[in-house]
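Consider the two complexes below, in which chain A is the common component and chain B and chain C are the respective partners.
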Partner chain A sequence: MQDNHFNVILTGDLRDGIDLSAAISSLAAMFKTSEEKIQQTIAKAPVSVKSNVEAATAEKFKTAIEQCGFVCVIKAVSETVAATAPVSAPLPVPVNQDVLASASEIVESPASFKGLSYKIEGRPDYSFLTVQIPANQTLKVEASAMATMDTHLVMKTKLKGGFGRFLTGESLFLNEFTAERAAGEIGLAPGTPGDLFHQYLDGQTIFLQNSAFVAATMDVTLETKWQGMLKGFFSGESFFLIRCSGKGDLWFNSYGAIIEIDVEDDYVVDTSNIVAFTDGLEYNITRVGGYKSLFFSGEGFVCRFTGKGKVWIQTRSAQAFTSWAHFFRPV
Partner chain B sequence: MKCEIKGSQAFSYLEIELAPGETIITESDAMSSMDAGLDLTAKFNGGFFKGLLRKYIGGESLFINHFTNNTQRACRMTVVQGTPGELRSRTLDNDVFYVQPGAFLARTPGVTMGLEWAGLVSFIAREGLFRLKFSGTGEVFYGAYGALLEREIDGEYIVDSSHLVAYEPGITLKLQLAGGIFSSFFGGEGLVTRVQGKGKIIIQSRSITGLAGWLNPKFW
Partner chain C sequence: MKVELINRPGNTAAKITLQPGEHCTAESGAMIAMSGHMNITTSTHKKNSGGILKAAKRLLSGESFFLNHFDSVGKEGEVWLGSNLAGDMLALDLDNENLIVQSGSFLACEDSIDMDMGWQGFKSLLSGESMFWLNLKGRGKVVLSSFGAIYPIEVNGDYIVDTGHIVAFNETLNFTITKAGSSWLQSLLGGEGLVCKFSGRGTVWCQSHNPNSFGHALTPSLRVRKA
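And then the complex of A and B:
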């Protein structure tokens, strides 16, 4: 599976007779980012600017980057793993995030991209998502997340997922924004301070923590899933997860920054730090140590993932924040 | 005068270096540190009655602080806003800029601040009955909760109430429902502001209502 996938690596070297600043500015123009970001990226060279793509796409990127004046090499994913260790382990879900994007505060959808074009600004503290909705298409959005939009977008409130969504703590209502006749833009601001993350689903399934959903295209199916009494009770979050499947774009948010973790065997995450995980991972709620640790370590229960897949965690937890802030609240 | 906005987006602060004889005017309680040589004069925010108006209607404070450098050397100070979030500056060159009540942080003496009736529309949209009008020549510093994003408007655009921070004079505000009657009340969007005209608007990427809605159910 890995053999026909490649990473495009920017070596940081210039091609002969090319001026550095000119090369940087043309590269900045190509990636639609600032020259400063490009400089930061170059400083980290060699970096992979596009990872896990097929040969043809990799070749296209290489040509484009070389036209800007930088030396670029293509490596098979399996080679890169050996060379750069845990950065890109086996990927069950194709990942659109690339190093260039994560180095910048503004993430934009790459040019050769299947889904809707979007932009995330204000990362990671107060991420703001702008999605371009093509004519006559519809976007499902978490209630009250809309911050700006074009005037011709039409909003409809739908009771989605039936009674299930009422129990997840997610709002009972989802808003559907349709771009009637012409393409339109919508800006989304989640309530939580923190980051936003995009995944393109192509038949995979992702489970989201109950309040992580921000937006999805119409072909993504959202269902609520009962976690089971024990898991729900001890997870400290909710009895329900949101199951996202189908084909299309999905955006979710976190409190704090988002870190993506590739799980190969076992991985333990504090229950209140889970944002999302891929299908195929089994999870159990366990103790970290013995009963003494359970009550005195402050760690309480944790979530142990087994199998192969990805877990997205958030760098802060709402529980920790509320218990810190609680003492300062007037009673 | 040298002014620089520093710090991360979440906790921006303003660093100012005042040359001898220079003055900066800040919102009360905005100074967080300064050279001991700077002199502070608290003044009514445009006179006693105007100050009261600005406090109770404009969301600003009754007093406003003037920091003056009466020494012979350059003095530094840092200015912060109360909310976590980003700061921005706007250079005025004999033009006008509107800022929502509560977002003002500091200005240079060449800029005058006025309180202007923004219309009932603005009030119902939870943007306040009044708006702060800055005119003259110099720098204005303002900030809000969240990251501040710039949008170029040419025509019409919809901004959710309480996300608008500042706008250029070419912009007018109108009010409308987010969707139909049902959608507007159950979709959590309610009333939105329709922004019309040509010019830049500054929006904040988070709102305090969004934060409260997320946080309040988590307190026990």
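And then the complex of A and C:
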């Protein structure tokens, strides 16, 4: 991070004589987002609404936000790193500032947070996760995801799912990193370029698609889930689910950006675009449309979710990419 | 039909919201998710227009033979579309104008848009990369995808673009396929090969990366195709 870059921070205070709801609605209009989103953001104040921008840009944001009625301060990036809890859902950038959207948003764990402290950089295109492991604690990490670590971290490899699952291709190699005696830092880079997501599990259950798992703390139980012949067979080559439950931190990644979808009654997702979904959703592998669509739509089988819950989908799929690359294979 | 582009520019997805009764036509395989009550039909042609001949022409153009039609039954519904390569998308409103789209960049369009393969004559045979172009005309929204970023270039006079970098252009522009350097030998050795020379007035949308160059860069590390 360069010294001449600045964060624009919303203090959460109103300027004198300004009505809160009016200020929220004008801010929502400026950022082209809903008023609820703004309200959520304000509730987390002080928050950085724009990070790592140059002085002139930061000044522009500050003027615009102050016109809406909120007090706003600019801090150099180096000062704010430790001081603020940035927004976990970054505000969309106003349209005329479109180019600046490429400045990476850094997500850090909020100060009041129950789990391990972590930092995700390079979202959403090239996310990289850094986790601080406290002394004598262990982190479960997907095999080969480790990119950097402190020298005193000790690694052990485990096979999850057992030998039976190993034969069906439904097992999971995990590396366990233990910070012996002193706290340590580990940098994790998932295999696919894309987004990273954090969830703190507190009794809930999340199902992950097999390649989406990045890391979890020890109290999170991971089990591979047998799909049944039909679901497993038709849903693509190596699609199986990891059931994550218990209490603790869970990080998962995607190929491409992650979109969170609230399922109200039912929703259809291409099997290769599923990242994760919450417990309580029923899912079925079905075809879309008629039999003609099954063979010719290019969609093949899809997953139909019913019930109430959340589904995370990814905007790119490894299968679509490899079938594109197939054309370029040497003959 | 409402189009929203999300997570631009690297991992763009298009969220298309349809009111009951609205139709949208998309490239086959582009759907990543949709509301459960959306209806999907697959056909070789645009609804109520053309037929197998148009489909055959589209196959030649490098697009897939089939198109998917989405419509929302009863209530509002949404469809998410993605592309296979990393990159940006572009949503355009056509107002009874013609847009020529490089085959492969087409993602979706509204029902009111007529789609045909534009035969650009034998000169485009030489361009190697996309012999054929899709010709979109009518009034409505069009969504295009690209490999890398998309940037528009306003042409007034002459402009040269490498054939692999073209996403779309206004039909008001004329184009000729030409060599990049002063001599054919130089052009071929320079790796630029053939380029498109546009003349007239209009906009050309270009993509920052050339999918073919990327594909060929992968070739050495890919496994040999089995018969």
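We adopt the following convention: the second predicted complex is superposed on the first by the 215 of 331 C-alpha atoms of A that agree within 3 Å, B and C clash if a C-alpha of one lies under 4 Å from a C-alpha of the other, contacts with A are read in each partner's own complex, and residues count from 1 in each chain.
The criterion applied here is as follows: a residue touches a chain if its C-beta (ideal position, glycine included) is under 8 Å from a C-beta of that chain, and two chains touch if they have at least 3 such contacts.
These figures come from a predicted structure and were not determined experimentally.
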Touched partner set for A:156, first chain B, second chain C, both or neither: first
Chain B versus chain C as contact partner of A:193, first or second or both or neither: both
First (chain B), second (chain C), both or neither touched by A:125: both
Touched partner set for A:175, first chain B, second chain C, both or neither: first
Per-residue contact with chain A, leading partner among chain C and chain B: C
Contacts of A:147 with chain B and chain C, given as first, second, both or neither: first
Touching partner for A:306 - first (chain B), second (chain C), both, neither: second
Which superposed partner A:329 touches (first chain B, second chain C, both, neither): both
Which of chain B and chain C A:268 touches, first, second, both or neither: second
Touched partner set for A:211, first chain B, second chain C, both or neither: first
Residues of chain A that lie at the interface with chain B and also at the interface with chain C: 125, 193, 321, 325-326, 329
Complex contact set, residues of chain C against chain A: 6-13, 27-43, 64-66, 68, 80, 82-86, 215-216, 218-220, 222-225
Contact footprint of chain C on chain A as seen in their complex: 98, 101-102, 124-125, 193-195, 256-257, 259, 261, 265-270, 273, 288-290, 292-293, 296-299, 304-306, 311, 313-317, 320-321, 323-331
Parts of chain A lying in touch with chain B, wherever the complex brings them together: 105, 121-122, 125-128, 143-144, 146-151, 153-157, 169, 171, 173, 175, 187, 189-193, 211, 318-319, 321-322, 325-326, 329
Touching residues (chain side chain B, partner chain A) in the complex: 8-10, 84-86, 146-147, 149, 151, 155-160, 163, 178-180, 182-183, 186-189, 192, 194, 203, 205-207, 210-211, 213-215, 217-219
